[in-house]
């Protein structure tokens, strides 16, 4: 029996005030879509079925190398983190799974499962950590982990990844995500080729430990924390890794991990075409790996990414089963609010992409009617799908206006009282 | 008496088929906006009053250094260009002014005026050209114009700009836009400081010839055609130019002329604050100065730019009177369609920015309620203002669906028959 | 019997004035290198054996979409272009091969061979052109060539590429380079996946016509002339193309075709490791595909690229046989001078990379001695290898100071008199 | 009486082994330069007179938001930091001044002065910190400091800056550097204009407290820690700040704080021309504010910056008195080694720039001889000035090979024994 952080009755009450307006807007939009040959309820149903995972570490306040400014009521461990994740899913009904990070979230698997069950949550991909040294770690990852020149360090990193798989098995996870960030800061520091050979060897050892029904996700990133070269610097290297590893290995796309100006939706299309798209780490960025809320900087790009996904689904692309996760750093907002807002923006892009008239689009493309092809996308994007999103939430017991209900619930104040402050701001690293 | 390129009756007829749906959508949106405390008719009125100029050169097919692929019915001179501009304004009712380029558009001023009057058009800023050599030009601009090391070349460039002012006076223009693109391709080629001194001196000579009621617009650009340094490389240098010249000089913002990742809306805010914003050259881009249709790549950025403009208007910023122009290169579309679509996207961003609840926004900003401040913008942006735009066009005699009416009118086929092809594609420069 | 454009006696005479100084500098450098355990003559020998091809189109003045400013004495056809290429090789002794572009350089193969023989030149890779419409072309490439939606256009492009192979066979070429630049300007214009499928299909048809001892080079480019998506946008897609095609297909790296901040030397390493590096199109850039002289903007990057090549050679990388070509646009310089200077800079980077103490470097890398690994590269780069380059030229009959000898020879004035001007500047495309 | 960290006799001994080779190389280079009309001793003298400050915080190991991996013997306070700075200056003789950061380096001024005197060091610009919360800080800088919406927070930030001035006065500093990093992470979070007004007001309050013989340095940065907008995002805004403040305010250039592809040397030229260049924070970067060792990624850019400085000096630019400081984050190297190597690279660029034949360059520029102008810079850059740098160090009592002598001295091992480890790696912020 689930025991949700906010009283369901309270949510229902709050929804009442918005009910009539939503019904109106939904009906008007339905009428408009009907004229465009679209059945609004079919769209709403698909939206209601869409889910995106949240990362356990996302409910804490993030920071930069300069400072971290803690917020009130920050969760002090994985169980409090799950509580916060429970709120997000309760109000948005879009984030039923949580992705754990080891060693940060290590705990008794039974207790984890019980807590998650109580909150109506499940577990998504496991995340290993060889980009920082654990407290009890005998060997340091300062100069790399899976690609380290010292075989003992590589072995330690391999063992840690296998441990993550083992933990994941006990809680029902079905995937391992490896992001290491390793690389070099200076020309000459490492040999690109030998380092990549070592990385592939180590990854193969992890892959060998993967259960049959699991997948392994590799993740590319252009830079940071390494500032001259990164072992998997782009999707080209990521593809080579998942290709070398085998059919259970796939390449993950984090929206903030690319070079300036990169056409990310095109990379998504290529990975789908070559049957290697693992899925996404959603966030948005203006400069680098800013880890801002999804859709907050370039919502049209998010839409174009989903446009590729719907297109792949429509043409029944092979080996296409993307895993969706939010991966953000919430430095100046309440993390619960940012994750709810981000989940909504992701659903918004999904709903908009569902509205694209694909048959017309294909015709315009084949006829090189550039203007009308472009207008076809634009028409879908400029449609205000807010009523669809709200209706889908409502239908599943969520909030019409998750942010407003969350604020009205007093949840943050309650946990702030229960969870002593971690103390102002830390001073940052440098 | 105006004599429009497409029969007004035809437009009215075409509108009839869309009338009922528009009325419905407008009414639903009005209801929704009313709940948000916004009077839809007040917004529509403002939208109807908004105008953006089109460039005479924009109605020809553009190209790249690799090739230009001509389209059917390309205008062969300024009078045919004005016809095409007439179509754009007739259907969108948003582009009543045309910006001329000298020497490309040189013609008898009386005939220009007469032709424009007939089409219901006026003239916007004059544009000089010292980035290419005119056929009869005694001295070359290969190594610069206003900043050239040879005073004779500078004098030729100054005289050309003054000639542009003279022509402009005869047709009712009130501004001169100077973009030269000059700079260097290699380190050492030029001395940054001495070149800028020469540029300022030349500009002052042009400025001295400016009538009292005219303005002079300078325009920065990061690169192209110069590939190592450009004389006005960014808004910082542009500001210094307009500051040095005097109160009639202002700095223009072309959306495609910035470094990757630049926060353009912030530059707009700074130029407004220091009373030097000239206005805009609208277009969109993904990589460099791509000159794509406005709002086609990053519509949210366009909205954020307009958000600054509405904000400036609201706080009665001093010396704030921006000039709006579209500046694009239409390589693969019918230029008339691209300009109509772009004008619509610009109005869309304007309308969305008008919907921002500025009082609430200011409150959230002052209280550092980051989430709600951001949501306030997002709410305005996700609103589908299409019905407002259509209603504003309709009210002024334009088309509910300009692209559809344009296509139905057969205008392109008609001019294609009347204007002999300029012959396939040219071979490009390199 | 070769008949060089500049009298060999003249070159010998000119060298005399520099002989003593060169001998001095070479001897001092030799002494210094000897202390570092390096045999200068061995380096000089390797440098003397290095060659980079020049493109026939590079000896004409380039331009931008805004303007092209012709220089004096521009070659009017392939035979005059070969003369200019002959000068470059005569003075630098580093550019014995010329890469032709079809249809621009179409001519009687026998005459081409004879002319080349006379100048001591050979032929490098053939280049096809489906990015612009040829004069007599029945179908247009406006919307693509190898990936066009119309099979007839694709067939025309395939046939053109096969024709290039046929011509190449008659003059001794052994490779075909395909760069098309095709793609889209607007979201929705094309379907990424279907376009890539068509591209692969067409490429396979060309590949099938490749003689056994030929190679096919594909070339990626981020953008331009397409401004939203390019069919082979990066090395990831380029790798997939060469992988799909087969063992004779390889991926070319043009230094100006990447996203901002890209670590190009790492891409080079990856392509070598996966046995797919075709070679290079050398140039330099600060912003986009600026096509500036090699080494003029970031000479250290050029060195780092060569560092990878020497490293690959040292570890006997499989299928490693890179083709070197310069690919630049000379807009403000004498193209002959730019190509000579570029060839020298490429040799400089090669010579510097040869000086790297690879054994020491490997030791530092294995021991994570970041500082000394970096210093090892830096020590090689800061060495002034000028005397080595001059000595290598001298040994092969070239000029100690190619630019000075070229200017002293009066070659440009001579051809300017013989080749009537193409007439000031063209007006640019837009 | 100075008491240096490493025995001067040891340094002298170490130098002996290199003396003969250096004399040889210096003499050969002198001969070569003499042929080019350059007096090597005059260059060496200028190099010996050049100084660049080191930041106190630079001798600790830096990190990223992901992790910090401590090194052995990290200084635990300002006095140990000064010891490390003493080593850097002792061996390079190029870094006689240290820049302090408050509150990190707060200590009894007399003790600071005494310690510095003992090490032969002085103090450079003071640095305030309002980008992180100090432990005892009553108000948080989470949402800004000098531009905060709350006047009490602004007042706290102003008071802190004035306190920095007060401390600086007691130790002989003559400048205050303000970098706050404040800005916003999301569109709408702040009002650009009102925030800048507040920033200017606060800065004016600090400026008012500046002694007559002090300067105030403002510093722009594109992003990080703020990820949507930064209060002084570029040199344009920085110029406006120093202009608004008055004649004692200047704009600092940090090489890593610009948009991708920015021509930084041009910005330097502009700030000099408009008499507002404060000086530099030296470092290098490939992606963002990577804070890598100066000259390690793009040494030619560093040379081009110095080329502007020498040019300004040559033409006696007004109000030109740049302050030089290194500002780096040493994540994977021994900070002492990185700072020594960086100081050497900065001197290398300075020495190379001194070799530019400015008279010839000016002639080529005036005659638009692009190739020879470019070659003139290139000739200076490719000269191996290593012997000049070593000779300058030697003449002042430093080491011919600072890195080798440092390693041979055993300094790091000694302090590692004396300074207990701060404990493996910290876990990073996120």
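First chain written, first letter: the chains are A, B, C and D, and each begins at residue 1.
The rule is simple: contacts are C-beta pairs under 8 Å (C-beta built on N, C-alpha and C of every residue); 3 or more make two chains touch, one makes a residue touch a chain.
Fair warning: this is a prediction, and the values are worked out from it, not measured in the lab.
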| item | value |
| --- | --- |
| Count of contact steps on the shortest path from chain A to chain C | 1 |
| Pair exhibiting more inter-chain C-beta contacts, B-C or A-B | B-C |
| Copies chain D and chain C - interface residue numbers shared by over half, same or different | same |
| Selected pair, out of B-D, C-D or A-D, that shares over half of its residue contact pairs with A-C | B-D |
| For chain A paired with chain B, centre-to-centre distance based on mean C-alpha positions, whole Å | 39 |
| Multi-chain contact sites of chain C, meaning residues that touch two or more partners | 142-143, 184-187, 189, 222-223, 228, 260-261, 263, 286-287, 293, 296-297, 300, 332-333, 370, 374-375, 378 |
| Chain A-touching residues of chain B, taken from the complex the two chains share | 21, 24-25, 28-29, 31-32, 35, 260-261, 263, 286-287, 293, 296-301, 332-334, 337-338, 341, 348, 370-372, 374-375, 378, 381-384, 386, 403 |
| Chain D contact footprint on chain B (complex, rising order) | 142-143, 149, 184-194, 196-197, 222-223, 228-229, 233-237, 239-240, 258-263, 265-267, 269-270, 272-274, 300, 304, 307-308, 311-312, 315, 317, 361-362, 364-368, 370, 373-378 |
| Sites on chain C touched by chain B in the complex | 57, 60, 62-69, 131-135, 137, 140-143, 181, 184-187, 189, 222-225, 227-228, 260, 285-288, 290-293, 296-297, 329, 331-333, 424-430 |
